Structures are given as structure tokens and as C-alpha cells.
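Here you go, one structure.
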Amino acid sequence: MTLEIESKEATHDTDGLPVEELVVNIGPSHPSTHGVGRVVVHLDGEVMTHVEPIVGYLHRGIEKMSENRTYLQVVPLTDRLDYVGSMYANWAYCRAVERLAGISVPERAEYLRVIVCELQRIASHMMALGSAAGDTGAATMFIYTFDERERIIEAFEELCGSRLTYNYVRPGGVSFDVPEGWLDNVLAFCAAHRDKLTEMDKLFFGNVIAKGRLKGIGVLSAEDAVAWGASGPVARGSGVNWDLRKHDTYSVYPRFDFDVPTGSNGDAYDRGRVRLFECYESCRIIEQAISQMTEGPVKTPLPRLLRPAPGEAYSHIESARGSLGVYVVSDGTPRPYRMHVRSPAFCNLALLKILAPGHMLADLVAVMGSLDPVFGEVDR
Amino acid sequence: MSSFAMGAFWGLAAGLLIAIAALIGVWMERKVAGRIHMRIGPLEAGPFGLLQTLADTVKLVLKEDITPAAADVRPFRLAPFVVFVPIASSLAVIPYAVGWAPFDISAGVLFFMAVPSLSVIGILAAGWASRNTFATIGGIRGAAQMVSYELPRTLSVLAACMLAGSISMTGVLDAWRPWWLIVLAPAFIVYFIASIAEVNRGPFDLPEAEAELVAGYFADYSGIRWAIFMMAEYGGVVAASLFGAVVFFGRGLGLGGVPGALLFVFFAFALTTAMMWVKWTFPRVRPDQLMTLAWKVLTPIALVELLVVGVIASWML
Amino acid sequence: MSDHLEELRERISELDPTIYPLFSIEFGDAVIAVPLDDLLVTMHRLRELGFDRLGMVTAVDRPEFFVLVYRLHSRALSAGLFVKAKVHKEDPVAPSMFEVWPAADWQEREVFDLFGIDFEGHPDLKRIFLPDEFEGHPLRKDYDHPRVIRRPDYI
Amino acid sequence: MALVDRIGTSLERTPGGGIILTSVDALVDWSRGQSLWAMPMGTACCAMEFIAASFSKFDYDRLGTFPRPDPRHCDVMVLAGTITEKMKPAIQRLWDQMPEPKWAIAMGNCTVSGGIFYYDSYSVVRGADEFIPVDVYIAGCPPRPESLIDAVMQLRELVHEESIAPGKRRERNTKLPRSKAEANERMEAMRTPESDGPHAPAKVVNKEFPSDVIADEGGEV
């Protein structure tokens, strides 16, 4: 893959002077591409006329690799997919394997999965909000959100010993029960987190410059959101009320009372704001889950080698970025015949080329930040 | 000949001053940013990390000085100095003591307003000569921004000059009265915002917007030349703060002697800190919003202020 | 679970009898197996039935043929549905779904990249993940490259 | 750089110049070690820990290290995350764009050896030192931010061994080929499956699964 971009032929303006289109290559290593994304932008003055996102700089072939690993050995690979929200990929994969092999999950494990995934949602949204704000120049907001994320990471470290790649949700349950006092810490975090969210709302979303930068930028209509397969906060920012936790419910989510925040304008501001409000809802879910939880086992004993009958299973959950699906095909051997990940970030990022043109170069980073791509998951 | 020697001496002195100002400015910036970010900032090099900037400078001076193969060599190499020299020379007209400035000319205010603007040529040259799309966009943005903000900035200072009836720095200082603080408050706000834009700092740091343009017009500069750009930026911050303290705060509320000097330093430091605070708190504006702010908000405010001050001046004097 | 699928089968047969014979329930999921030639027509019809969201496009490399797998969702019917079609190995060409759901854009490019299945009617079919000069299609079972180091079989 | 080299060389040749040289070296090495600005080459998971290291809780700005996204202003490239074949030319170019003297830290298993993606992956580069001379390696998947701070301190010790005189410069610990011909030769050795090179494919043994570990599908699973 060459890094060069082909030069365009010069056209002539009304005075007969040659005009060359300015082609700017952003990435694959650029501070605001959230990793290794690359965008080739054609500029007319400061206005973008054509935007082409190029992905694949982190394509590691996880789907191929999992064909040569046993069902349990694939779980660590799923950690590395969406490295901002590892718990989701763990869970989506484990649900698919559980469906495939007919494994039942203890109730306490389901509650624990819900709690860690909602914590993960807060952590992931904090990262998304912070980096989107950092892209528009508000470095302090990034630091504040990251500090909140750091608290959740600490809690996860206490729970499963790792800061980023947890391998916590396993087929048949979760790897460990919670340490003593952990749930109280989580409750305390939730209580404190609400105030922080309000502060962030004032700091960034109440700021006149931030409003000017984000309102009306990258407007996605509800029809486009559905047709282009957008999900998660990107779709909900456009007013598409579609949340798998509510509308294709799974696990113990029907037992909780929570709202699905939606935006109305479908612009970068609404997408960001939806993420912020989802954090409040996640706090509500965590508090309800902790109060409903009962004692019990946290994992079903499994044989050392899972060998599901030939068949296939698809499972999707609502991750922080949208509906994350895992499709597993078994052929009766201890290894998956095929594993495919339907990645929400991948589908959402495809929208960049219809959202960005017409705006200024400075808005590209705002639009991209509001789509919240994580390239581990985009490229897989 | 002697005037040449004097010029060389004061030039050297201003260069030294701006270098020291930049050294302290960068250290302060990192410490202030650290405090805003709930962290400590440089700590290991010297007490409180005070020697951090010294280490950075020595390192940068000894770093490889790259000129990209595609660059237009002569403008590329000269651009940092074209940016630096006007800003350094602007420090010469500031009255550091009552009734005394290193280069006390009758049109000191005009000099301070006009000469630093020359650095826009350097920015444009740096952006263009790098042959780098980011740098080109940054250079063009920088030129547009600096030219636009020249107007509200000068108009706001003109209000003070009208009250003083002089465009000499020492003249303005002599005429300063405490009630100016109230009359000139809108002009000061315009001056403060326009100064931030003039020295290309956040939230108006569009020419070097990190998130979009990586480093803008100096994206391809390394080592000493980049250090000169940074020195020019911090020199500009310090110069704008000192000038603001003189014109709008009467160099320490018009007090003479040590208390006045201390208050002068305090005001200048407060303005510098405020600039850093603003940079690290606000998001960056967009180029069109930047222009809107300059032409549709700041310039009218400055003009109205000028009108009001004109009425007051004719009535008071 | 299966009650819900039966209900879906009923509703689909009510709405469009031509799709009904293709409907089956496999591994607890509603599946429609479509001949490749009818794929585009069926997809248009399914979209009219209310399956407004294309969730996933992928393929599976079976020994004799490729299976194209589409996952559709409907908010109106609150249901998910698999659509499967066999693609020949010798001449892997399939119709593009871009005109039905633009969501197929990148996902079909991904299938093209990793399986080498051509999508007719796709506006911009080229490799998406791998560099343009990459040889072969790695997710095929017979893909082999000296650069790949096989994992030793420890289990 | 050339001027500094020349000064260093002439100081080394001058009798008694060694005294000046060592004092200058002490100052230069101190300043270089105190201000190792990092080029964040964050490609994957480790980038998160890299960000964490520069933010409130860990704050490696205390050591004078802070991230600057522009390669021209940086001293040390922190390779954080998996490197793919597609990404390799971009990293190579950014490395070439960095001014001398420059160092590299390989953060995380993927940049050390390919890590979890060593086997079976058709697109992952097995270790950043295939194309960049790495000075400090940090193990971990991903390493903790403290490890990165430790790596910066280790790198500082390496920097303190440097000199401005080319003759006294520290030998770069690199397995990289010195010439293009050598590089091609190595590439060829890597390609042939029979070679005994380090990247030769492992022998695949098809053994039967022991019966006692096979899941009983009709059981309690």
C-alpha cells in the first residue's frame, strides 16, 4: 500500500487560471484519527468536497486466527477487538458460544455481566467524549473524562487483574466473583459520577465555542441512519430509538427500568450529548442490578474442551458503539469453523464519507470524533 | 555609528529578555496546564522542574536541523527569524520604568501595533516553503487571522491613546488615571481576545491546530528553528501582557517605585496566566467563526468604544 | 423463542407467499435460503416487508461453495432474520445489495477483500483492509502464505 | 548535526580535549535525558495506556516527557500497539522524519514480537525491530503506564552513555540489516519454508485429541 496520493489534474477557474484541487492526506498516524485511520480529503479552500476514509491499518486477521484456536482460546482475542470496551466483545462472543453449545449461565453471572458492561459503557463513553472534545481543542475535558475512566479501570483491575484486556466474561459465566466491598465501591462511584457528568455537561456542552463547533455539523437523517446500518449513539443521535437492551432484549435487561436517550438533530452535538446521557442511565442500571443481585455461583462448570454440535449461532449485544454481533459457525471440532464480528464502529465509520463533505476541514475531526471509531474493532 | 551600537545593544538585550521570557513562559505553561489537568507538570529537572525548559532548549539546539528535500530552502530557513525579530523588537518600546523605555519614540504605541504584524510574512513563508499541505493551510490561516485581528486590537488601544492624547508609550503612561479602568474595560476585553488571536494561541490557535493540522505552519521545522518559533510565540504572549499592563493598568495603577514595579510584574503575569488558562479550557474555534468574531463582534465593539471614549475625552479634557 | 419464530413465519407468509417456502428455522434462528439468482429480488421484497436494517454481511467457506450470510433486522416486526445464498467457488459472483441497503457498501468490500467474492453492481469494489498489492483472499480455507506461521497444535 | 559531530570529533582528537568533551557530554546527555519528547505511535490497545501515562494519574510530564504528534519535534518514538504490514511504511516514514538523535521504545508484546498475533496472522509484523532499531522493550499486553515511565527512565540511562563525538557513540542494539542487499537476503530466507531462520513456520503436528477432554455433548453442558 503506497502512502502517496495521486495528484489531480489542474482545472481552470473563470479567469482561465489553473486551479489545482488541494488533496490533504490525514493519517494513518494523526492525532485525531483515534488510532490508525486514514482520511483523504479533497479541499476547495477550507471546504471539503470529497472525503474518503481508508481503513485496514490495524487489520490483524482475528477472524482467521480464531479458526485455529479452541473456543475458549478465542476469548482473549476478542479482548483486543474493541480495546476501549473489551467486555462487550467478550460477552457477545460468549453468548454466541453459549447458544451454540447450549450452555446455561447462572443468574449472578448475568448480573455481573450487566454491571461490568454498564461500567464499561461509561468508560468507553468517557473516552469517546473526551477524545471528541480533545479533537476540537478542549484538552482539559479529555483529561477530566479520562480521569473518570481511570476510576473504572481501577475497579476492573481489582475485579479481574487487568487494566485493559479483561478476559472476564467467559463461556458459562464470568471468571471470578466480585472481591469484598467491590460492589459498594461501584455504588459510590456511580453516586459521584453523576455530579461529574453534570460538571462535564457544563464544561463542554454548555460552552459557546463547543456549541458553535458541533451544532449542525455532520447531520445524519434518521432514514440514512437506518439504511446505512448505523447503530448505537450514532443512530440514537438522529432520533432512531433503537437499543438492543430494550428492543431485542437479552440477559437480565428486561428487569431494569431505564430510558433510551435520543437526539433530535442528528448532528455531532446530539451524538455527543446522547453518550453523556447514556452514562446517567448506565448508573441507574448498575444501581438496580446491585440491589437485585442474589448470592450464587458465577460460572457453569465446563469441560476443558468445548465441542459444540455442528451449527451456527449469532448473538448481538448493545455495545458502547452500537450493536455488536458475533457469528460463530461450528463443524463439530473443538475449534470454530468460522467466527465473524459484526462491528458497529466499522458500520458507523462508513458514514464519514456522506457526513463530512460540505463542511470545513476543521469539522472533519468533529464528525469523526462523534462517530467514535475504535480501529481495533473497525479493522479487526 | 554610536546609534548603531546602541541599536545592537538593545537588540541583544531584547533578544535575551525574550529568551528568558520564553524559558519562564514555557515552564509556566506546563505548570499551569498541569494544575488545570490535575497533575504536577515538570518536576525532575531542577527544583520544581525549573530547569526543564533549559534542558529542552539545549536539546533542541543540538537536534538535527532538517530541511525537507521538497522545501524552498531559503524562505524555509529564514522564516523563523522573520517571525522572531519583529516580536523581539516590539519589546523595546515598553516602558519598564516610569518615564523610561529602552527605545522611547514618540509613536511607541504605533510601533508596538505595527511591527509584530510583520511576523505574518514569516508565518506565510514558513507555511508555503515547507511544501506540506498541513503547513500551507496553517500558513494561510495564520495570515488571514493575524491580518483580521490587527484591526480590533489597534482600535481598542486607540481608545486609550485618545484619552491620553498621545501615541507615545511614556505619554500614555503619564496620562493614565485610575478611572480609565472603568472606561476602558470593554476595550481591554477586546484587546485581550484580539491579542490571543494575534499570537496564535488557543482557542484561536488555528494555524497550528494540533487536531487538524498536526502542527500547522511549523510542522516541518525541527530543532533550533522550531525553538525560535516557540520563542516567538511565548515572546508574543509576554509582550502582549506587558503592553496590556502598561496601557490598561497604567503600569501598576500608576504607582511609582518598587510597589508599582511589583504590581506591573503582577499584572503582566496575571495576563499571561489568563491566556494560558483560556487556552487549556476552551475548545478551538473554526476558521469562519474566527473571522466572524473579528469582523462582526470585536470590531464593532471596538468602534463603539472608540466613539464613547471620544465623547468622554472631549468632555473631560 | 420458537413461538416467536413461528409467528414471524406466519406473518411473512401472510405478507408474501413467495418467500414462505424458503423459510426455515435453524439453530433457533429464522433462516431464508435463497437461490443466488433470486437474491436481489427477495431482498427487495424483504425490505418492503419491513426489514429496514442490514446488520451483517459475511461469508462462510464451505468445502464445495461459499455461503453468503446476511443478517436483517426489522424494527416494525421486531425480528431478526438470516438470509443465505450459495455462491459457486469457480465463479464467485453475487449481486450487490448496495441499492437495497447502502449499509452493504463497506461490508461487501470486506467480503470481497477476504473471500474474493465479486459483487456485481457495487459502486466502488476494492480491497478495504488489506493493501491493494496483497495476493490471495485470507479467509478462504485454502489460503496459505509462507509468511503465516501456523500455531503448533498444543490444544 | 553535522556541526555538532565535527565539534565532537575535533575535541576527541585534540590532546586534552577529552576533559571538555566529557563535560559537554554530561550537559548534553543530561538535557537530552531530561526532555525525551515522545512521538505517540499508538496503533492499538497500548495507545490507551500511553494516553493514561501522560494524563493525570501517571503524568510522565514530571520526567519532562510529553507527547507531541509531530515527528519533527520528537526524540523518542513510542511504538504502542500492533503493527501491520499495511501500517509499516507509514511508521517507517515517520521514523525517518524524526531528527537525530532519536530513540525508540517498543511498548507491548505486539511491538516486541507480535505477541498474541504471532501465530496464524497474515498481516501482522512480528516485532517493530524488524524495521526500526528499538532501544527499550516493554513486555505486557498491554503494559501498565508505570512500565512506560520505567522505560523512559531506562532510556535516560542509555542516553547518558551517548556522546557528541561519533567515535564514542553507543553501539545501537539492532538486528536490522545494514544494506538493502542484506535486507533482501534476509527476506528471502524468511520466505522459504525450509529455512532454519527465526521466522520459519513451526511444524504442524496433527495429533488426535485425548478422549478424556472431549466434551460430552449430551451431558450437563
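Note that the chains are named A, B, C and D in the order they appear, and that numbering of residues resets to 1 at the start of each chain.
One rule holds in what follows: a residue touches a chain if its C-beta (ideal position, glycine included) is under 8 Å from a C-beta of that chain, and two chains touch if they have at least 3 such contacts.
These figures come from a predicted structure and were not determined experimentally.
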{"item": "Neighbouring chains shared between chain A and chain D, ordered by label", "value": "B, C"}
{"item": "C-D or B-D - the one linked by more C-beta pairs in contact", "value": "B-D"}
{"item": "Chain ID, smallest distance between chain and overall C-alpha centroids", "value": "A"}
{"item": "Centroid spacing, where centroids are CA-atom means, of chain B and chain C in whole angstrom", "value": "61"}
{"item": "Separation of chain C from chain D, taking each centre as the mean of its C-alpha atoms, in whole Å", "value": "41"}
{"item": "Whole-Å gap separating chain A and chain B, where each centre is the average of the chain's CA atoms", "value": "42"}
{"item": "Contacts with two or more other chains, residues of chain B listed in rising order", "value": "37-39, 210, 214"}
{"item": "Residue numbers of chain D (touch at least two other chains)", "value": "55-56, 69, 86, 119-123, 209, 213"}
{"item": "Chain A residues counted as touching two or more neighbouring chains", "value": "1, 30-31, 56, 59, 61, 64, 68-69, 143, 147, 305, 334"}
{"item": "Chain A-touching residues of chain B, taken from the complex the two chains share", "value": "33, 36-39, 133-134, 136-137, 202-203, 205-206, 209-212, 214, 280-289"}
{"item": "Complex contact set, residues of chain D against chain C", "value": "85-86, 118-123, 190-193, 199, 201-207, 209, 213"}
{"item": "Residue numbers on chain B that touch chain D, as the complex places them", "value": "30, 34, 37-45, 49, 51-52, 54-59, 62-66, 210, 214-215, 219-223, 226"}
{"item": "Interface residues, chain A side, partner chain D - complex", "value": "1-3, 28-31, 35-36, 56-61, 64-65, 67-69, 76-77, 80, 83-84, 101-103, 127, 142-143, 146-147, 150, 153, 163-165, 301-309, 334, 375-376"}
{"item": "Of all residues in chain D, those that touch chain A in their complex", "value": "40-45, 47-49, 51-52, 55-57, 69, 81-82, 84, 86-87, 89-91, 93-94, 116-117, 119-124, 141-142, 144, 209, 213-217, 219-221"}
